[in-house]
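Okay, so subunit A shows up in both of these, paired with subunit B first and subunit C after.
And now, the complex of A and B:
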């Protein structure tokens, strides 16, 4: 499975929301993510992709849309 | 040796109209240079230094010594940890660095509580805000997102004059990027326009509205309430609203000034308030009230505690985790305000209220169909949130300490 499918699946499992039709929408504004949810998602991502996500990067400007999260993961995988 | 400092006048930041005139005149060269795409770093440094010295001059001169001592202490922590972090990443070293960084502030906060109101010699105006900035740097170094910076950048960030005394609390990487890139002319003109608007809004808030609530209304109401006595009385309700509005207009006014001066210096310091009394629930309120502080607590305390608890699976249930961390987070914030029963209970009050708020939001989500949602329920939610916040401010004000325990 590619990163996109994995991430969408995680969001679906954790927050019971399908965000596939709003890939560039701010997930905090949309009420999908909050601080608590962000940490849950980070822990899932770290376990699944075997990467370390710096919590400071989870700021609301950097990881606030599905597409940005996917980009961020790809960057960390290549780092 | 420090006679020269005692001889100088003391200028509290944004204290009176004259302060603005001197500061704005001093900033004219900075503004002109920025309009031509240049930043005269040495001149900015000089103006900042002069106004910081005047902030602590006269009878406050001891605070100036405390400030210098604290900056040296923090420089040792930040650069010491930066050097260590290049080679290793032991979590206990990180905790140790954060502990030592916070230690002087903790001493300053605890001293009055254990000495019947004596102030620590280590304290000075703005010490908390310096701590927030440097601890933020330590956290970002630990995460590996902040690696290289110079001593000059560190000093400029820590001692940024417009926000030195009471924030807003900026973040090192955001601030330094602003400082190192000069905004283009269109963008800078837009910032000046906003600055002018914020300046006048700030005048209206601080010198008119805060004056009405804090200076004209509040003392009379307090007097009546104390005369009436008892656990609670009508004038105390008046004190609650007058104090709440005074607190908001005074601090929001100050914050607007700090943002205004930052913008004129080409730095987009974050805003501190976003119509907090229009919040629909308490969570929403903390996204609108003293935002740079509540976001600092969210990013550096709430999220990190949640991370630790979840990683070690301390609680099975996610809602228990978030509830415990809400209470911890807000109680720490209460302690930061000061070690008194009313600040601490203010923190616990907000922690517990956030737990209830969170429970309600989950319940609402599960029963979307049964619970009506319209303009009326939204208006009621705003009304309820506003009043809960006002009750918490009455606690925060310390007035109940006078009313109940006669500590005048």
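And now, the complex of A and C:
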């Protein structure tokens, strides 16, 4: 499975939300993500992709859309 | 160490260690001498207002130093205070004003609504009072059975309940904490002050710290809600004791730098407010192998916590639900069946707590008080509504709720209250809130099952936009922590034989998915 499918599946699983038609929408504004939800999503991503997400560098506008999350994972995989 | 008077104890430190910091907000410090001067000034000012004796004062704000100094000042002038968090929905403020009938509001942060029914003291006036250098003598301070603070909790009908905690209740709790080996509170403790004052988990850090002459390190909300700021601020805190919900520790552990090497001063973790899962305890033990991890349990109505235990590696290795500890020696705690019979070890029933930490009841609410509080063997007692059992060693184990109350990210939420508020939306025909649990018995999401009014769904292109509209519709009524994250739209909802929405059926459906 590709990163996109995995991430969409994860969001669907954790937050019961299919965000495939709103890949660039702010997930905090849309009410899909909040700070505690981010904790769970980051833990899932780290376990699934075997990467370390640099949360201490994450501002409010980083990792806030599905596309940014997917891009972020790809960058970390290639790092 | 035993204290007999919280206020006299705090004032004594102004003499014995005036220059010791009591409060530190990201490097901005205030000493015990400051706290005495400021709380004395505020007490004198409040006295000059001529409020009815012992009347309630609502205090609105976040984690500022002025919050603490105002609380101490109000206690000195004999008034109970009700802390209301800066992130509260407007509806909560008006409800607390109606139910609690405070005679004064002190706004450390600007109020989001106009309050005209009672006098409002602004931050500028608070600063003036602090600076007045009043020579204050405590003649009518809060004492004995007088209310010390009132914490408003979630209620089933949409109206919060004000739990009255007296000075005696507070002493029972504080002295237990200072003297039980499980907490092992250090002298002059350096403690994290993150949970908001409106949440009684805050008492778990301020009461022992002030009683022992230590320092509180406040984390303002704008820091805890932004990972970048949070992870920049954490390593700068020279704290020994970390008090929070397990959820907040989970958040901190997202950073690899949250470990004993980078934060070598942390030797204690005190948890309360929601279930501590084995996985959180195990991870934390890995990061801080030498630190003491304390799991505490108890309802607000019995003053913060009634039992606690230091979690051992053996408990973690067992990988079973962690125990919630040994009850306080002064507070006889039982497991009872529906008929009020005390059950032997190993049998599950409702956890009943009695003794000097049990509240006198809900403020101005005799009906709800009578339903939950009673007398047992000559002592005040409280129905926790929690299921549990004692093991052969006298250790208490938690087994879930009897009713529809849940803990979500540390907040106590009545599902009926969320449902009630959902139904206030102009778009909603009927709705209920349903928790979804993860495999660690922890609430993962709060869902809303909604039947909308005819024609409403067609007005919105996508359901997510309808959800956004409903959330906006309710933002003044619903506390942010209660807002369901996911809205499921249905044509109808399952009904019980008595015609109510069958919430149990929905909980089963959601959790067997």
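By definition in this document, the second predicted complex is superposed on the first by the 77 of 79 C-alpha atoms of A that agree within 3 Å, B and C clash if a C-alpha of one lies under 4 Å from a C-alpha of the other, contacts with A are read in each partner's own complex, and residues count from 1 in each chain.
Definition applied: contacts are C-beta pairs under 8 Å (C-beta built on N, C-alpha and C of every residue); 3 or more make two chains touch, one makes a residue touch a chain.
None of these values were measured; they are calculated from a predicted model.
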Subunit C versus subunit B on the shared subunit A, clash or fit after superposition: clash
First, second, both or neither for A:57, with subunit B first and subunit C second: both
Broader residue contact with subunit A after superposition on the shared chain, subunit B or subunit C: C
Touching partner for A:26 - first (subunit B), second (subunit C), both, neither: neither
Subunit B versus subunit C as contact partner of A:17, first or second or both or neither: second
Contacts of A:39 with subunit B and subunit C, given as first, second, both or neither: both
Colliding region between subunit C and subunit B, picked from 43-51, 61-69 or 331-339 after the shared-chain fit: 331-339
Those residues of subunit A which subunit B touches in one complex and subunit C touches in the other: 34-36, 38-40, 42-43, 55-59
Contact footprint of subunit A on subunit C as seen in their complex: 224-228, 231-232, 247, 250-251, 254-257, 409, 436, 444-445, 447, 462, 464, 467-468, 471, 483, 485-486, 488
Sites on subunit A touched by subunit C in the complex: 14-17, 21-22, 30-32, 34-40, 42-43, 52-53, 55-60
Footprint of subunit A on subunit B - complex, ascending: 139-140, 143-146, 283, 298-299, 302-304, 306-307, 310-311, 318, 321-322
Touching residues on subunit A, where the partner in the complex is subunit B: 34-36, 38-40, 42-43, 54-59
